[in-house]
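Structures are listed in the sections that come next.
Both of the next two complexes hold chain A, though its partner changes from chain B to chain C.
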Partner chain A sequence: MSAANVAPITATDSLSQALKANIIPNQEYLLQGSVLDSAVEVLLHRLRGLCDNVDAGTETFDDQEVCFSLRDPNQQAAPLMLRLRKALDARDMPYQLRYIGQPDLGDKSRPTVVRSSLDIACSGMLIEFLNELGCRIEFEYSVKGYMFRKGRMKITVSKVFKISQSSMSPEPISQSYLVELSVLAPQGQDAIGEDMRAFADQLRPLVQLDKIDYKRLGHMSVT
Partner chain B sequence: MQREEKQLEATLHAILNRVNDLKAAIQALITKLENEYETINWPTFLDNYAILSGHLTGLSKILQSEVAPSLRSVVVLPLQLGCERDEALARLTEGRVPACTHDLVPDLLRTKPEPQAEQRLQQFNHKASTLSHDTAQKQVAQFTKVISHVWEIISKGREDWEGESMRSAGMQPTHSIADTHALVTAVGTGKGLRPGMPSIVPPGVGAPGMGPSRGPAPQLGPSAPTMPKAPSAIKTNIKAANQIHPYQR
Partner chain C sequence: MANSVNISIEAPIENQIQEITYDGQEIYQAPLSMSENLSRLAQKIDFSKTEDEFCNIKKEGESSIEAKSEDENKEPGYQSSLWPWDSVRNKLRNALTEVGVLADVLSIAKEKRYMVLDPIQAEQVDNRPMVQVYGRKKALGAAGAVLLAGVERLRASETMRMTRNMPDFHIDLLRLRQNWRLKKVSNTIVGDLSYRTAGSKFSQTGVFEVTKAPEEQIAQAMSMNSSGPAPSALRVTVPPELQGVAFISVLCQKEQEDVVTATLSSSALNCPGTLPGDGAELHWQQKLEAAQNVLFCKELFARLAAEAVQLDASIPHMVVGNQIMATVLPGIQLLIGLCHNNGQNNNNTEVIKSEASTGKSEHDHVLEHSLHQLLRAVHHNNTHHPFPHPATGPLGPSKRRSLAGPMAADRYELLEMSKEQSLLEQIIQQAQHFFMRRRSEYVLDTIAKEVKDPLIVSHWNALNSPTQSCVKINIVAYGYDAVCRTSLVVHVGEKTLKCICRDGKVRHLSYELQELRDLIYCQTYQHQMTAVQAVGRCMGWQLLASSAHLGSGPVEPLGNASSCLLASPNGDRMIAIRCEPSVGIQVFIAQSPRKDFFASELVQDKKWENLGGAFKEIKLDKMEGKNFLNKMELLMACLSSPS
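Up next is the complex of A and B:
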């Protein structure tokens, strides 16, 4: 009758159960675009009309993101990149440590970029911990902007700033705002890509949200 | 003989149909004017006139067609004029002509234009014949000039109207592809964000490009993604310096 003698469920058990049931959102579906500073107000109006979380005013955020890389000293494989994000406007929130995998580019028919993404909240000791592990800072930047939500989709309209050590104020790296539409979902839920594409079409011709392969663009210019 | 009769009948039938259509169109125009005179606008009115002219054209086509026998050779004569009401006639004409009276018949069976119209036509003919060839030419030239002037004004106005609304929506891009690429690569690979690297200057933005190796600020599209060799040299220098630190502390 009573369940007093049932063994407590361990964390590993629940984790493996979750993995089997495929409910861990470890994939990110992503579409990116940009909008010029002169047109960002119009975009914000449109998003306010389309999205859900605007009853109490638009949500803003001000984050700093630092990208660490862990290299194998023998330089065999590509380095592991980890991203640390801290909120500059809410100092007591935990840091977010995120791993982003390589985007799955082979399938041209997919409407969005699909890449694996794992994130976890950590304390501020994280930076020391990563340094002790041997990670070093690759680059860092700060983003400041607005966040909208529609159902499962998250839309951010943000300005990317380069953090300069000498002067105090960060300067923007371009005259545009970066617009990102992303969904975190478990593997295999590809239908969300279609919904994202439909939503992205509603923002045209203001913003052209597409899947952009930044690795290819990065390589094009460094050579 | 019979064939001609049949043709005549067919032609008359066709003419009757056209005339009925014309009548209906005029009726519609009159009712429209009477009932909607406050809300009618010029284009709608012109549309109705276009309908009327369409019917008239159809009618004239029938009359000009070669199938129609020469109607000039056919004459309609009133055989009997009377003052009493004729029921058959009234039925035929839907109550409009109750009797074949003396004053109605000249109007209904008229072949020449009305006296007033005829007089005016005579006046114009007289005036036209007294004009010399030169004056006539000059007047025609003036007329064409006035018409073309009015045409220019109207077409310019239309262009301004339509051009403004169409062009202003299209000519102002709200996003720049170069900016998109720059932002995405910056966020993804840190291009332009590493210390010591000159910042990425997307073309057409006009932000001053920093860094000694930039040289003249590139204004063209292709030059921004393909940066000159010197910055990558700086980047590799920094990398080499940083490689000393992990695992060797």
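Up next is the complex of A and C:
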């Protein structure tokens, strides 16, 4: 009865409180690498030994990602890129809408890439909503692979496929697997970067996980 | 998940408190002024070191200066109380004197009239290589002796091991390492036997130490049981609070009037004695497993006790020492206790045994196993968080939680999601269900024994959960199971029963036995009614009327009276059956052309004899027939003869 007399806390109040308390995980700490198809079994074996929950078996995932861009017709500024990811093997799970910011490259001594990342779970109406907003599809691809976790760190070993128009099986875009080590954390928790680097060193001879600068990759010639 | 908290930082008090007056005021020692500080520092200068060096250089002929310096060393001890600068002044004065003498000597030597300074060849150091060689030889010999002693010891133990076939320390250590987690800390080997890596968050550590068993003990053990397995070369030392054997005893018993007797009689459970064999000779695997079990039981009991104190049930739970008392159903108590036998209180076992033989209910192994499983499930959930699908989602939230956003769950739903049942609540539910099931079984068995006429057959489902069971009850008459069968399903829950009858009615019963009994009785009589009608159909008899809830006759204490009226195929006979659950079944027959019709003045026509006669009751117990339906069938057969 007393609860009815107290003014209810509004959503904006709780959101601003959460922002002030710095509990929203809006930063992603990332290390990436790749490993050839021939060598991926050894890496998976190693990860099975190092990561948590050995008894539960390896977790696989099969996702499809669509990237939208929202351009402002007047300005020539960089468009806003939004990614929509859905799980093909778990159809009842919500879609994830993701915004990834530019990584701040200023600090060379940081062990990992740090970029802002916002993940929001959405229902299936999202595509129509984004279309109504004016977003256009830039590209899409599908990802299939394995997922591991160690404490807060998430390690994915996945293969990227091109989505074919007909109902043929998707073809892979390369003969290798993409290995990603990531942590979603609030701002300011830089110690996790050291833990990630230490873990990456344990995988060292099999795969080299590093900070990858996309801008430099873009300048390299692609055959 | 940190809320910001303001922290204030203050430097500690710099000045020491000299005195605290009676009114609480603190008087600080005044900080030293600059001059006082300087004098304190000056006192610390150690002039004696410089004095000694000075003396070594001028050792021949200047012994007076040595004596003087010794005096000076003694002086600060005596005179320091007078004036802090006194020793400093004296030291400086001496230094001035020495420097003055040096200046005089140098000026005289410079003049070269009275004193000349001549260079002297530096003294040749006597090269004595043999001494060096002997010194080195001695040192090396000592080192060699140490190494040789070590080698001798190793060789001796190795030969002893080979000859007497004693167990190898390193092989045993390898075996130990295959089962337990070990770590080398400085020069000891320690291990961890707690459930930390399996997801436990208990604060008590389970650290044990591994040492080498002394050889005499091994030899002794081997000589004692030469036929048994070889003793191990390792000895593990578990912490004293984890030694011995422990288990969680779970008792369900009738509520005791006096709480004290309840605790006493329950604590009179005798824990099993220590593990067979002496402590030291016990194999390390059994020792470590027992210690791990003790730790697990302690964690389980600590968790249950904490929950018992925090939960507010209608009848509060009591935690007394090593026991938790919870009320499961009115009149039934659940007692959970931690029995830990350290092996040190052997003198109590005789007394305890004699008390235990009277009025001791059995420890429930099934509920104890359930408790173990519940705690292991908690551990499992602590480590096995679900993976996100799609892969970029955050690690951690369960599926329902991640769907809460898109599905617009409100605050109430979110709160409900975060609530989870405590261990104590779960085990109380299981105990309640256990009792309900036992009671229902008892009721059904008793009724089946009492009621012989329709047979009551109950099938309990083989698959059930710890909190729900199902029983299907069939009421059939012997020989007539194809004709009519009444079935009902009873779902036994924790405190209630749910009864679903064939006609679709669902009844919720409470934990009282009587309700189920009454229900089964009513169902039995209903069965008799429907069965008679079915038999009548088979025999060709027509159902004229039936009523499940008769309004005539005396009020029934249990249920309602029911009746039916059957007519023979050619219509000349009628059977009326009245069924009352408390009295029994009454059967009446009537004949259609009355045998006792006599024309009288009021009723003159002969045709009125067809109206039918009065009903006459039949003595059912005198009739032939195995059961009621059989009797009815015979009666119908007899009454439907063509003549």
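One rule holds in what follows: the second predicted complex is superposed on the first by the 208 of 223 C-alpha atoms of A that agree within 3 Å, B and C clash if a C-alpha of one lies under 4 Å from a C-alpha of the other, contacts with A are read in each partner's own complex, and residues count from 1 in each chain.
Keep in mind that, in the parts below, contacts are C-beta pairs under 8 Å (C-beta built on N, C-alpha and C of every residue); 3 or more make two chains touch, one makes a residue touch a chain.
Here the structure is a predicted model, which is why all the values come from computation and not from measurement.
Participant: After aligning the two structures on chain A, examine chain B and chain C and state clash or fit.
Facilitator: With chain A aligned, chain B clears chain C, so fit.
Participant: In the overlay, answer first, second, both or neither for which of chain B and chain C A:Asn53 touches.
Facilitator: Touch status of A:Asn53: second partner only.
Participant: Which of the two partners, first being chain B and second being chain C, lies in contact with A:Lys20: first, second, both, or neither?
Facilitator: A:Lys20: touches chain C, not chain B.
Participant: On the A-aligned overlay, A:Ala121 touches which partner chain: chain B = first, chain C = second, or both, or neither?
Facilitator: In the superposed model, A:Ala121 contacts chain C only, not chain B.
Participant: Who does A:Asp104 touch here: chain B (first), chain C (second), both, or neither?
Facilitator: A:Asp104: touches no partner chain.
Participant: Of the partners chain B and chain C, which touch A:Arg152 in the superposed model: first, second, both, neither?
Facilitator: In the superposition, A:Arg152 contacts chain C only.
Participant: After the superposition on A, what does A:Glu41 contact: first (chain B), second (chain C), both or neither?
Facilitator: The answer is neither, since A:Glu41 touches no partner chain.
Participant: So, A:Glu194: does it touch chain B (first), chain C (second), both, or neither?
Facilitator: Neither partner.
Participant: Could you give the angle made at the Cα centre of chain A by the lines to the Cα centres of chain B and chain C, to the nearest 10°?
Facilitator: The three centres form an angle at chain A of 80 degrees.
Participant: Kindly classify A:Gln96 by the partners it touches after superposition: chain B alone (first), chain C alone (second), both, or neither?
Facilitator: In the superposition, A:Gln96 touches chain C alone.
Participant: Just the number, please: smallest Cα separation between chain B and chain C in the overlaid arrangement, in Å.
Facilitator: When the complexes share the chain A frame, the smallest chain B-chain C C-alpha distance is 8 Å.
Participant: State which residues of chain A lie in both footprints, the one left by chain B and the one left by chain C.
Facilitator: Dual-contact residues (chain A): 65, 143.
Participant: Spell out the part of chain A that touches chain C in their complex, as residue ranges.
Facilitator: 20-23, 25, 52-53, 56, 59, 61, 63, 65, 83, 85-87, 89-90, 92-96, 98, 119-123, 143, 145, 147, 149, 152, 154, 156, 158, 184
Participant: Considering the complex alone, what residue numbers of chain A touch chain B?
Facilitator: For chain A paired with chain B, touching residues are 32-36, 38-39, 42-43, 65, 67, 71, 73, 134-136, 138-141, 143, 160, 162, 165, 171, 173-176, 178, 205-208, 212, 214-215, 217-218, 220-222.
Participant: Using the touch definition up top, name the residues of chain C that touch chain A in the complex.
Facilitator: My answer: residues 1-4, 383-385, 387, 389-395, 399, 402-403, 405-407.
Participant: Where on chain B does chain A make contact in their complex?
Facilitator: 173-177, 179-195, 199-200, 202, 205, 207, 225-227, 232, 235, 242, 245-247
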